[in-house]
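When the chains are written out, they are named A, B, C, D, E, F, G, H, I, J, K and L in that same order, and each has its own residue count from 1.
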Amino acid sequence: MGEEKKILLVHGPNLNMLGKREPAIYGAETLDDVNRQMTDAGKQRGIAITPFQSNHEGAIIDKIQACFGTFQGIIINPGAYTHTSIGIRDAILSISLPVVEIHLSNIYKREPFRHKSMIADVAVGQISGFGVYGYLLALDALTHHLNASVKN
Amino acid sequence: MGEEKKILLVHGPNLNMLGKREPAIYGAETLDDVNRQMTDAGKQRGIAITPFQSNHEGAIIDKIQACFGTFQGIIINPGAYTHTSIGIRDAILSISLPVVEIHLSNIYKREPFRHKSMIADVAVGQISGFGVYGYLLALDALTHHLNASVKN
Amino acid sequence: MGEEKKILLVHGPNLNMLGKREPAIYGAETLDDVNRQMTDAGKQRGIAITPFQSNHEGAIIDKIQACFGTFQGIIINPGAYTHTSIGIRDAILSISLPVVEIHLSNIYKREPFRHKSMIADVAVGQISGFGVYGYLLALDALTHHLNASVKN
Amino acid sequence: MGEEKKILLVHGPNLNMLGKREPAIYGAETLDDVNRQMTDAGKQRGIAITPFQSNHEGAIIDKIQACFGTFQGIIINPGAYTHTSIGIRDAILSISLPVVEIHLSNIYKREPFRHKSMIADVAVGQISGFGVYGYLLALDALTHHLNASVKN
Amino acid sequence: MGEEKKILLVHGPNLNMLGKREPAIYGAETLDDVNRQMTDAGKQRGIAITPFQSNHEGAIIDKIQACFGTFQGIIINPGAYTHTSIGIRDAILSISLPVVEIHLSNIYKREPFRHKSMIADVAVGQISGFGVYGYLLALDALTHHLNASVKN
Amino acid sequence: MGEEKKILLVHGPNLNMLGKREPAIYGAETLDDVNRQMTDAGKQRGIAITPFQSNHEGAIIDKIQACFGTFQGIIINPGAYTHTSIGIRDAILSISLPVVEIHLSNIYKREPFRHKSMIADVAVGQISGFGVYGYLLALDALTHHLNASVKN
Amino acid sequence: MGEEKKILLVHGPNLNMLGKREPAIYGAETLDDVNRQMTDAGKQRGIAITPFQSNHEGAIIDKIQACFGTFQGIIINPGAYTHTSIGIRDAILSISLPVVEIHLSNIYKREPFRHKSMIADVAVGQISGFGVYGYLLALDALTHHLNASVKN
Amino acid sequence: MGEEKKILLVHGPNLNMLGKREPAIYGAETLDDVNRQMTDAGKQRGIAITPFQSNHEGAIIDKIQACFGTFQGIIINPGAYTHTSIGIRDAILSISLPVVEIHLSNIYKREPFRHKSMIADVAVGQISGFGVYGYLLALDALTHHLNASVKN
Amino acid sequence: MGEEKKILLVHGPNLNMLGKREPAIYGAETLDDVNRQMTDAGKQRGIAITPFQSNHEGAIIDKIQACFGTFQGIIINPGAYTHTSIGIRDAILSISLPVVEIHLSNIYKREPFRHKSMIADVAVGQISGFGVYGYLLALDALTHHLNASVKN
Amino acid sequence: MGEEKKILLVHGPNLNMLGKREPAIYGAETLDDVNRQMTDAGKQRGIAITPFQSNHEGAIIDKIQACFGTFQGIIINPGAYTHTSIGIRDAILSISLPVVEIHLSNIYKREPFRHKSMIADVAVGQISGFGVYGYLLALDALTHHLNASVKN
Amino acid sequence: MGEEKKILLVHGPNLNMLGKREPAIYGAETLDDVNRQMTDAGKQRGIAITPFQSNHEGAIIDKIQACFGTFQGIIINPGAYTHTSIGIRDAILSISLPVVEIHLSNIYKREPFRHKSMIADVAVGQISGFGVYGYLLALDALTHHLNASVKN
Amino acid sequence: MGEEKKILLVHGPNLNMLGKREPAIYGAETLDDVNRQMTDAGKQRGIAITPFQSNHEGAIIDKIQACFGTFQGIIINPGAYTHTSIGIRDAILSISLPVVEIHLSNIYKREPFRHKSMIADVAVGQISGFGVYGYLLALDALTHHLNASVKN
């Protein structure tokens, strides 16, 4: 725990439109706002957060693989790929790092095809429905998980 | 916000066995431990938390209804009733209070019949998989939700 | 037909919130109002109506069983238990009395899980969608059914 | 309410066989008996009832459309078309009149394909299982619905 | 191509209510308006268009069969029969003429039972969601198809 | 058995196109040919056969009902209505006459929606796949059934 | 057609119990009776019929294969194997002979698992529900099929 | 094995109606009769049996939990809760005692919703269809299981 | 009851590998051990038990049929054929003898395709999960059933 | 309407193979041919068309997002991504521009997995089955839609 | 590896028709050709191959069981039993030998019921679609597997 | 056959992690090892193998298309895209080259969503479960297929 931990923060497709897209569902904050809040909150907890957004499934897989051996955990909002990407699921399995899944909206209030996550059962846990604040909850959840693991 | 808020903390069936039952999945803390942590954490946030546990679906419905007009929100781990109780769902709808759903284990790693929640789409959001720490996340999530609502 | 008939009027979970809960769907009359109208209407037809409400599946089963040998019929709005309770269904089968099922709202306009009734095929018939007035229709239906049976 | 209301009473396919067909299920009264009872009961309530029976889906659609602008409501037993006719459903939607759906037998006691109604969710409500007496209940239900609408 | 082509324009059940029925979905133009636009547009392309509307599945089948040997193609909006009529499908197969299927509304935005067409895979193609203008698109599509076939 | 028996021979939608439509599947004989063969074969067996074809579901229902009390049995090829018509099924039930179902093509070799018959379980039996010759088999089957019933 | 044709008559499992087993469904004739009627009827048509019964799926496959090159067709009542045997289906495909499928009872009136035949779509046609008489219909159907093929 | 074993005998909803309810299915013995036979049979085997019946799912869960640490096994006929109660399933898991599931009637001969047990895969085994005698079989099965476990 | 009863004991495919195959699931006793225990236990009850094992579905059907008229009941562990054999089901139906179904392992703890039995609803009852001891329970169950039938 | 409108024309995966790939289904014209026809047709209507093709889901999402604020509409043939891409669906939702979906082949004539579109219900409408000519129909449809919107 | 290994080569039902049956799918080589090639190829690798073909599920189970203790592995083409035989699956499990599953045709190009294998998940691996050459691939695969196991 | 053949070897997402990821399932060899073995084995057979790995679906489609006209075949392990990519399927169809599908693990032993391949029915055949050695089998299979095609 003496050394700074490194966490990857992955935003999936269309999350770069945050603040522009469907504000009734997702709120007015932009992705830059979110990343700034998260890196600040990380610093307060001695954690360096690397934000990453892509609309490309392959680019997200590349990035997750690149964590191998240098990062301690991942917070991911896989966006639309939540429901279809076996590739992101396999990338998570391949690096053996704890992952927290987060969704801005309550996915269980939306179309049925959004109720199934390909990621949920390979993640530590899932947080859904608390808007941008959910990212901070995810950070707390992952920090707590990493500390608990260290103790054991 | 000047006045103390009141939150009901509902634990569904078999959660009274916490610490005794399947510790590999649920950990060694008892329900009393959880309730003590939660009431303490509540006090720090100016929130009075009323814990309640029952194995009876009807008793949980009674308790939720009783919140009407006196409580500001509910944190609920509906346990086994998560997946079957339309009655608890209807009780939540009937009192028009924000509800946060929380599960100790990652329900998406367990039997298929535990993947479906009758509560999720009438709750603000859902937190699953972070063990006892998830209750604290739920408290943060609900507090944040209540404060955000007050501001608007 | 010389003697007064006795009918049990069962209200399932959350119906005690009637008039308070989702008035856009269920109207402003309270359950007490409904029970008063029904006992009055019963008197006019020479029928003693015993109203009963519970949020507990077990309590409803207990009550239905208690009709055995002393009541002539049941009007039941099983609320949320309509869609899941095999126990209430079995209780109805066990006492061999005619049952009329009634729903305030049109259950076919609501969520798909409300379209299936575990009670419908062990009842004489079903009335759905006419609000509080449906109880009076149910009373007429059951009265007519009892009289027709007597004649045959 | 000063003026006489007009209600269309639609009987779907094979209901002209009433009294001849499967009396164990449907009773011995003929469709003429039913229509006579209904027009009489209508008169007592200041309502002119126009009975109509056809085995032709198209003819039933034609008739429902013809109500537009001159009738105040419809009582319909769509018979076999209950379970398959999107055309009758669309006709009901096109005329914006309140419709009460009625079935002689308890459709939930019969073959699974009779459990689904294409009409139920565009009707005010549904009455099923009370034999010919169900028509009188439907008339009361529709009359009550029309009067309630007038008051509001 | 020297001779005038003949095209049947079939409107299924309830399309005679166009302009009267659910204008928010279908617009304010009547079926007569549509037929006039289509016959005019046909004339400009040297095509005689015969409009036909019926609420009767059998009548539509009769009419489609009657095209055999004298018409060159069909534009059909089968309305409610789109989703259930194997008979209209078989009639199309029996006459071996190119058929263009058209829907006023976007059927994929509506109830799930409207997403399936029994006609689509025996038609040349399908146009859905462009309101009354879709008929003109269908005419262009069929004209182009007939000309292309002639060339080959 | 002294008196001549009367059998109705029903041909459903599009069977009037027989000989013109998809000859690879249905052969070159016309419906008139079939009817002539059947009435001849009927005469040889002392049976008067009344052929009837319609594309209208309602007309077929009307015709089946009209057999009541004057005919001894029905041979029916319900065509496209085989798979969807509860109305024809109910008409058969309403007249309590033995019915033989026949299909020209082997319906189990065709689209999945043709594998399900709404008629099969209310018929005496089903014959499928033997082309026009199947009608003669159906006549033999029904004749044998009627004679066997008489004997018992 | 100068030479005598040879037809294999296959009876599947439990058909050797015919006449002993569930006479209400299958009648009182034994399998020997059926085979005698069939060989007699064959002789009248210049056809040599070889009856075969087995409770063993493998033995039925062996027998069907043995027809290859020496028989002209098969009549088969596959009994319980109708619904599950891909092996019998493949055997039929492997010998390229016309097959007529026959069932004593109307399989569509029985348990749902009897509604699906693995044989039907590789047979010429299917006859079901006419009891023992169905075998004679099958013989006529196969004879007619063989003669028709010869003519073409 | 020197000490007396304690076994809980749980009867679910409506089993208190035994002997009164549907005797054609369940026989004429009352629940008191069953309990007397079982406690007698237990005594002969050196086992103290505590009978318990409730119509309340929650009460059954409470009772099962109360076995923890003082009982050696459970015989349960969960009645209607067999098919829906995840709560009873979880209670069984929470106490880590061997459970034998028993049903009076053969549940596989009844409605499809009775074919699925939520308890079966967390029990040692299941006995179904032998009426009241099944309880004695269950006692033998559980006794044998407990003795076998002791030996190992 | 004076005469000795005869019971057939059928073991399905792979049960001859008992004691060799997957001992963690099935235990170390061989099939010969089981048969010896069963014939001994039979003798004590005045019952002659004929054991039979085969890997051939047809051979099992043959054997069951051969019981007709000489045996009084059957105990069967159909092994893999439990889940697929309509032929064994039909054989049981054809001989009208009481059958008890038994499984060594708890089939509800294993692969989903083992949860469905084609035999269960034509048997008196089912016993599953008690290992080799289950055979003795089955013998008790069948003996009790036969004695009870004799008394009535 | 004075200013030139800008429309994005998106071609999904493998459409760059047009003219080379499966010409029997897709015709001989290349994608360059299509783009040239479309830009020409656009010019005639005062519309600047920007063609874009990619095999990368992410690149298509990027491009659609880039339309935001500068384009007035999109014509899209999402190719294989039609049936699986929630990401393209979300991108369309995020930019709030009218979209017309077009398919060269009739997708309802092809494999079942091509019958479902993830785009259709967020598009204005869908055109399918008219080959390359369908692009021109799509342009007309979108132009008409844009003009109609301007008028209102 | 000093000693010669023994491998059983199992061919399921209808594979004895190889070379005679559907040569367009299966090629012209006979089963004897295949067995000769395989025994030759085995010799070159120091492996004795015992070919076996049967149309009887039970005979295949018998043969697989007989490998126990004397053979080192099995190559199996279960033919039609691939998709239904739990008995062959159980036999494979009972002998604890490595099994390679092979299919001549690509089973994924054929009827849907051939896409599911009951054997695949208890085999080492599966080879499908390479015709007779697939047997040699299977031999290489099994040889490699056995050698790899020896080394570890 | 005089000229060297060119084969593309495609590895899908996460296969670059081979040797690092889940070695219990996939073994310790890296992708470079695999590619070296394959190019060596190719040289021995006069085949130039071009290895390619990408986590991007679009990049794999691009690469497959680029084979058109210059390569003779493809060996592909589509990894996670096996189960979802219609785009890769379409790319394979567009270039009309023989493709062999290979999986390291036995996909039928893993999660249900891995049992379905979108590629299998457009490939020559499939090899699954033999680890890295499966690539050599695939090379043999494709080589044999290419040689066989040349001969015909």
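Descriptive notes on the structure:
Just so it is clear, a residue touches a chain if its C-beta (ideal position, glycine included) is under 8 Å from a C-beta of that chain, and two chains touch if they have at least 3 such contacts.
All figures in this text were calculated on a predicted structure; none of them were measured in a lab.
The contact pattern of I-K recurs in D-E, the pair among K-L, F-G or D-E where over half of the contact pairs coincide by residue number. Where subunit D touches subunit E, the two copies mostly use different residue numbers: shared numbers make up under half of all numbers in play. Averaging C-alpha coordinates per chain places the centre of subunit C 65 Å away from that of subunit L. Averaged Cα coordinates give subunit A a centre that lies 24 Å from the centre of subunit B.
For the pair subunit A and subunit H, the distance between C-alpha centroids works out to 47 Å. Looking at subunit E, residues 56-59, 84 sit in touch with two or more other chains.
Pairwise chain contacts present here: A-B, A-J, A-L, B-C, B-H, C-D, C-H, D-E, D-F, E-F, E-J, F-G, G-I, G-K, H-I, I-K, J-L, K-L [touch as defined]. Considering their complex, residues 12-14, 16-17, 20-22, 54-59, 79-81, 83-84, 113-114 of subunit C touch subunit B. Interface residues of subunit I facing subunit G in the complex, by the touch rule stated above, are 56-59, 61-62, 65, 68, 84-87, 89-91, 93-95, 118. Across the interface of their complex, subunit B is touched by residues 106, 108-109, 117, 120-121, 123-130, 133-134, 137, 140-141, 144-145, 148 of subunit A.
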